[in-house]
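For reference, the structure is listed below as structure tokens.
Every chain is named by a letter (A, B, C and D) in the order it is written, and numbering of its residues begins at 1.
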């Protein structure tokens, strides 16, 4: 049985393991003991605080496989309340300029990259890492979307816009051609070094050393241009899944590796549009009768739980759960839960 | 009986009258005989052409009051397929920069205005003018929305984003404080002169004489800053109506007078979300039985018609029209029409 | 050899030179109408009376030719003209005058332990209103060593400007041809201009020569460009001259003209510049009395550059093979005839 | 009156000057630790041996004091110091050096029949690595007319630089205090800086004096600013000096330093600059032999500025009341003692 719950400090060893296993390494999931510990503490604190507007909170969740005798943490994912709460969240915004000449009777479109912190105003899905054994299984969809179900329960804690940065293309030596042509010229650092600096420390150095003017794409190297708005191949499936969920390609790319940012108005996401409140009804016999899988989440911050169950409804739209499921979710008959039926996809959907 | 139909060259005198009566004068509805004639011809040509993608077309409609013995044109409104089809459509985009100092431990937000042609990609509602006797009556809502019903029938002719520029605040002498502080410095012309130039001629001079750098709002005069994103008082009601329809305040303001631009994804507009196709059924008796008014439009480009009728539906969701209404709309029993029920508002809704 | 203002009768010779110089000589395109207009314009400048208030503000072009008056009188005029040069009194008044200015921006980040400056190209018209020395060309058959014809062409302009000082502004510049590769291509153009101008280098150069420069303002990149993002081949061109231009540059440097960070927007060749009153030939030339004497040894090796000071329109300059004696210069009657001066007339001379 | 390098024993005097000058004298804040460090730094510079390779690249500050050696020996050292001045060998290497550059951009539109240039302020660090003459102050009691102490302070620096030429780069600049209103406010700061810096002018000025300038890079407007958008009061300050600074500016202008379009970012005061080798005092000063003679008339009115050339660390300069005779300067034994020279030693002198 797979379950998503808030991460606690006791999950630190598992998080370190997951951070080290990410390909490519994630800026926002540094394999750095103190940094991760601080994040876990911050998350726990945020969950217990009565928050009325999004701020610096970053909520970290783990996916636990409770099937083995000892439950095992096999994935993690975070949700940042506000991408630019403490300091601006910088991206490159792609824009098209029109250069027209009456004299020559021509009109040209010229692409530029402008330093932007527009996405500072969005909430950010980030730090997603899943044990290799579970990739491509429904566990992935569960872990990814559980954050959205949490946000749906506590909309006051988040922005109306959601964003997610996809890692950009790297070559065989894990070098970013975008970084080599662009970032390195300004930061005088290796890609991995700057990624670590940005992950661990403040990012204020970005505004200090970047020129305030847009860059003309045609002037960048072929290598850099070819990866603008790219997605690292290890993340193609994730991007497809996010697009299914309602995310769209944004005008923005990652400042360091040129990777694409996806965005969506929160209320346009599948989870929000198709999520419904149901009272729980315990029915061990009928709970497996759902035709489609559904994500279901309780309505508790500190003891938030999310899992995938068959979408079994009574005639009056109560959600039918087995007593084991109800126990895992920490809910009793008559309590309300949020459930989202997932459209079936080509992948096999196990009964959790 | 009020009816919206495509404008033809025979409507030129009426258009001149309406252009001269607009307060303030509208850039996109110049009281200029040749220019208006050209626009009418262009509109007629566009309606009869098999258009598959939005280009330079600008569709012009008129509102005709057929109640008097001689029908009278009492309003006009246009819909530009693509704001920046031939040349870029420039606006100021408002952005917030974050200036932070570690040394002083402060963080400041600084507003800037960037020259932008992002809205070149939108379709544009423009050139709306209504005879004073009809302002504030349902005629206004009919004329304004009829363009959207047209666009809903021919989505391939328009962009997915709709924009509309609201005239900005002017002082008692009809001077724009924004123009006096900003535009005049670059264009060396009077506001009305430049408005006329921009309405009649190409707007390519904008890129030629505007500096390519953003302007810092705090450096503008108090007068200019106070009207950034304003709406001329004669257009407050129009803005409220557009917001009801689903338009939202954009980040953009008019280049010349600082007036606010409203925008909306086309598919988020009330007319689109709540419009339905119905077959016509002629029923003189029941056609007045609708509780709410509805806009109804036929499915014809060159003989497009739109009017307001009571929203009378049969049990099987046929739209009930009187024979007079059907005749005005140019439809027969069994033909499909698009109808949008309008939520009642505080204003009295006459039975048309 | 005699320097004098160009005349209409020199049109054939001028066109022959234009053909000979080919592209690469921006200011002298092979276009008879243009050249004729150019002569008309320059004659008007020479004919403007001293003291005319226009002289202090209006643009004016002074175009000179080097005539070989040692040839037999039967040789056609077109074959007597050995070269040419010009002075533009005030650039950028009729049509914009563009350069890139290589500016430096400090980048400092305590966190990255980084402090340095980054070179940036800014589009600039800083030289608007300055004087320019230009259009210098010496035909190959007059290039024999020791004749010092090139020096005469280059240097006589300083004497002209010193004598008619009120016709010129305070600053003077010269634009030097930039670096080209073995295939005759400009690496700077290939990396930069090519992306913005839909024409080839020669075409762009030719239009500029014809004064048809509005395409530059229309199509130029309007944002500053960090040189760090340009390929090495383009960066290596910045402020560097064409091999064939080295002697001309050396002559101007010797006069005190310096590279102050302005380069050509097409080929990145340097602009060299100075305050006119600081130019060595202006500082060191002086006026003295001509004394005509039959007993003067006949003209020998070029020693002193002498020029007339009476009337702008009949200006003459040539080498005199004799040193200055106290406050007078002895002229052989042949030399006096060449310069068109009488005994006692004031000359401006520059010893080597 | 004697010019010499500052020594640690001058600390009290230096602080007295710092208190006397108050704010407005950016480079000399009233902060004992800072002043002590400043002396240590300058002593290190003076003590660096000629030929040290560091001299060609490293920053270095040469700080001089004017000592009144005519006072009785009993007068405490702090009361003998009449003024000070300094040379910064290379600005901008330790901390960024910022200026605004007033650049011109051409605006041309055929349609508007407009062609002109627009002044724009560009943030710039173009002077990084140049030398600066600065920190000149003469205490009021030594300002009597005819004593020419101010001229001594200002001019001896050129002799020092001419003699130790290899310690300095090619260009030298001086920053002049900008215009203030009757209430002691800078109209330029009120219109510009105030909007970006959350501190007052004095505070900003003081931090800059202490070399704590990172707040400038952090908070400065990063985009160029069109001067046309600034109020007249601010525009009128651009490149203009404080009334009290006129004499200092006149002295520097007389040496050939010119305003080349760079202004202070806070008060818009001009930077004046020159190539060091072009400075009149550098060009016209020369080395000659000192001859000490009892029969020399005793020192009269200041005629010739004389300075030592043997050792940087023991540099001395003073007025000598006697003209140069051929290639030697006769010194009275008192003058020789003052300069610490022996007969036959080489001096660098500058006649008026």
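One rule holds for everything that comes next: contacts are C-beta pairs under 8 Å (C-beta built on N, C-alpha and C of every residue); 3 or more make two chains touch, one makes a residue touch a chain.
Fair warning: this is a prediction, and the values are worked out from it, not measured in the lab.
Asks: Could you quickly compare B-C and B-D and let me know which has more C-beta contacts?
Replies: Between the two chain pairs, B-D has more contacting C-beta pairs.
Asks: Centre to centre, using CA atoms, which chain is the farthest one from chain A?
Replies: Chain C.
Asks: Centroid of chain A to centroid of chain D, CA atoms only: how many Å?
Replies: The answer is 58 Å.
Asks: I'd like to verify one number: the distance from the centre of chain A to the centre of chain B, where each centre is the average of its C-alpha atoms, in whole angstrom.
Replies: Centre-to-centre distance between chain A and chain B: 39 Å.
Asks: What whole-number Å value describes the gap between the mean CA coordinates of chain B and chain D?
Replies: 63
Asks: Of all the residues in chain D, which ones touch at least 2 other chains?
Replies: Residues 105, 108, 110, 214, 217-218, 223 of chain D touch two or more partner chains.
Asks: Among the residues of chain B, pick out those that touch two or more other chains and give their numbers.
Replies: Residues 100, 102, 202, 204, 207-208 of chain B touch two or more partner chains.
Asks: Using the touch definition from the top, list the residues of chain B that touch chain C in their complex.
Replies: That would be residues 102, 207-208, 212 of chain B.
Asks: Which of the residues in chain B end up touching chain A in this complex?
Replies: The touching residues are 84, 87-88, 95, 97-98, 100, 102, 117-118, 120, 202, 204, 207.
Asks: Could you list, by residue number, the parts of chain D that touch chain C in their complex?
Replies: Contact set of chain D toward chain C: 92, 94-98, 101, 103-106, 108, 110, 115, 117, 122-126, 128, 214, 217, 258, 261, 275, 278.
Asks: List the residues on chain C that touch chain A in their complex, please.
Replies: 105, 107-109, 111-112, 114, 118, 120, 191-192, 195-196, 198-199, 207, 212, 214-215, 218-219, 221, 223-226, 228-231
Asks: Quick one: which bits of chain A touch chain C in the complex? Just the residue numbers, please.
Replies: These residues of chain A touch chain C: 99-104, 106, 108, 110, 112, 181-182, 185-189, 197, 201-202, 204-205, 208-209, 211, 213-216, 218-221.
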